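Worksheet: one structure, shown below.
Chain naming follows the written order as A, B and C, and within any one chain the residues start at number 1.
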Amino acid sequence: MTAAFTAAAFFALWCRAMSAALAATPSSAPDEPLLAVHGLACARGGRRVLSDVGFTLGPGELILITGPNGSGKTSLLRCIAGLLAPDAGTVAGPARARGQTLHVGHADPVKPHLTVLENLRFWAALGAGGGRPPEEAADAMGLAARLDVPARILSAGQRRRLSLARLLLSPALVWLLDEPANALDTDGVARLAAIVADHRARGGAVIVATHGPLPFPDARPLVLGHGAVAC
Amino acid sequence: MLKPALALFRRDLLLAWRQRGGAVPVLGAFVLMVVLFPLALGPDPALLARIAPGIIWVAALLATTITLDHIFASDHADGTLDLLVESPAPLAMHALAKAAAHWLVSGLPMVLLSPLLALMLNLPGHVYGTLMAGLLLGTPTLTLIGTVGGALILGARRGGLLLVLLVVPLYVPVLIFGAGAADAALNGLDAAPGLMFLGALLLVGLALCPLGAAAALRAALT
Amino acid sequence: MTSDADMPELRAQRPVSLANPTRFFRVANRLLPWLGAATAVLFAVGLYLSLIASPPDYQQSETVRIAYVHVPAAWMALFVYVLMAVASAVGLIWRHQLALMAARAAAPAGLVFTALCLATGSLWGAPMWGTWWEWDARMTSVLVLLFFYLGYVALIDAFDDPARGQLSASILCLVGAVNVPIVKFSVDWFHTLHQGATVFRLDGPTMHASMLAPMLVMAAAFTLLFFVVLLWRMRGLRARARIAAAAATAAAEGA
């Protein structure tokens, strides 16, 4: 009886997670926003870090999130990516469909004992496919000459480039970038700017969280702090 | 739906091979624990033969717990866990893939090594089959339960120690039926009921543990 | 863990039920003194009945009186675990903070009941069976239950983020629920030294009324005691969560 109850509880949890993932289906109206965030609130460690955040994101747009340390930039991106359940509010739109947002956090999910190419191939296989080939992605981030090098001998900046190359492996509509330029040199930042511009030109959209200056002159700013936020 | 989980399975095997860190410590601990018993109890062949199934099972159980905290730890630390959650395959599938890779690297070598240890403990030849069959059915269950524990303690203080406290109580049925089956064979009794119970536990573990591990992994992300 | 002030959406969903934390604690605060008094009365009556008014057993003589503590403690050990498992499931599925808090508050009480059950069982076993401990199915499964309680209590406090510890411990609690039927039915499934059920049976209790009465009064006293402890600890946990939240907010505003 209890075993069945346990099973049912896990099943219910699983169904909840699955239905949340599958509920949002992409709609193809061209002028509709890719993402509509409304009244988003989130607490971490007993403290409310986000409250009443709302904005919409259309094709080709870039939102630059800034704010002091602890203002909830990372939490906001993780909520949009579906990695964190918000305490209140909604995130809706075609970009909410599984595989349509791609989140690059501050950690580099790079395995030191795999080569650059093996890391990229693994990431490509984890997704649903439909992106660019791993070799092309590495080339775009300036890693073409290091495809067969074990990732453990890469520098921090090169590992960051490798993480960012993951963006090109999937056809996701919306990129969510958390401090993408950390450890990047000027060439790395320029390549980042180039792939972001290319993604936007194809109708994709980008949300970047940063506290440093980034070369995105036409970005819409979203400043997080205390109280309600909209843009 | 299966492709991402298969990719994870292959990657884990490749990493285990490249790092040589998977099987060696587990097997070393397994052998060492068994070796300690004759040293502590004296080399009486009749005594050792009588308690050999229990010793081998306890050693296999404790050796399994050694690497459990590493199943998800590096993927949690470097953010790969986020990728698994975002992947189109259900998280439970990924947990199953990780369990399968972990068992191939740590559980299966112990099963293969068990006849050697049985020989050192003077176990009669007719028990070998039951012992190995029991370990073959039981060690995957130990790994499956361990994935739940390994996911629960991600980011905990003194997680490795805590993990032992969490999973060993859940290992009790596997130990009772596994060692019991080998003991029955040793005493000329029917070992089939014990082995069937082990098979049943494995099926229940296959059905429930990946779901539990997935729920625990989601909790680890918050 | 969020305090009730941080959960407006919960209040909006269930405006009149006890699932609302503010309402729950208002009722709990009003209830606690009465519950405490009733517990004290029941314990006084129960201890009088079991230690003085009830007859010695014809086989077990005076040692049977251990049963009036041992059996209710054993019932509570299982009851508290089932309650924790249900609360954990509710808390995990509906993200209900109050249910998770109830499970957390119940755990140390369940741990103590289980330890008390094992200790009194051992004291009873020594004169009756001639052994302090027997590796039979019931004792072993209750010992395993004790380790689940220990694991829950250790896991819930092992994280810097209290909400994370709460989630992980709740999942552990559900996993450990598989042990509950083993404890309950071990005396029926396996022929062991431990005696079978004598109170909760399909054909009615097989125990004489002079022994059943003190047993039931003590069981009621133990149950009430548990709820007093539960509400008391939930109040304390809420206060702790509020202090932590206030400290975190102050730290963030100071930064």
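Keep in mind that, in the parts below, contacts are C-beta pairs under 8 Å (C-beta built on N, C-alpha and C of every residue); 3 or more make two chains touch, one makes a residue touch a chain.
These numbers were taken from a predicted model, which means no experiment stands behind them.
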| item | value |
| --- | --- |
| Arrangement of touching chains [line / ring / star / complete / other] | complete |
| Pair exhibiting more inter-chain C-beta contacts, A-B or B-C | A-B |
| Chain at the geometric heart of the assembly (C-alpha centres) | B |
| Averaged-CA centre spacing for the pair chain C and chain A, given as whole angstrom | 44 |
| Chain A-chain B separation of Cα centroids, rounded to whole Å | 36 |
| Centroid spacing, where centroids are CA-atom means, of chain B and chain C in whole angstrom | 32 |
| Multi-partner residues of chain B (each touching 2 or more other chains) | 212, 215, 222 |
| Contacts with 2+ other chains: residues of chain C | 92, 160-161, 163, 174-175 |
| Touching two or more other chains - residues of chain A | 3, 6, 10, 13, 85 |
| Chain B - residues contacting chain A, complex | 3-4, 6-8, 11, 14-15, 18-19, 74-75, 77-80, 82-88, 90-92, 204, 207-208, 211-212, 214-215, 218, 221-222 |
| Chain B partner contacts - residues on chain A that touch it in the complex | 3, 6-7, 10-11, 13-14, 17-18, 78, 81-85, 98-99, 101-103, 105-111, 113-114, 118, 122-123, 125-128 |
| Residues of chain B touching chain C in the complex | 148, 152-153, 155-159, 162, 165-166, 168-170, 172, 212, 215-216, 219-220, 222 |
| Residues on chain C engaged by chain B in the complex (per definition of touch) | 92, 140, 144, 147-148, 150-151, 154-155, 158-161, 163-165, 167-168, 171-172, 174-176, 179 |
| Residues of chain A touching chain C in the complex | 1-3, 5-6, 9-10, 12-13, 16, 43-49, 68-70, 85, 87-88, 226 |
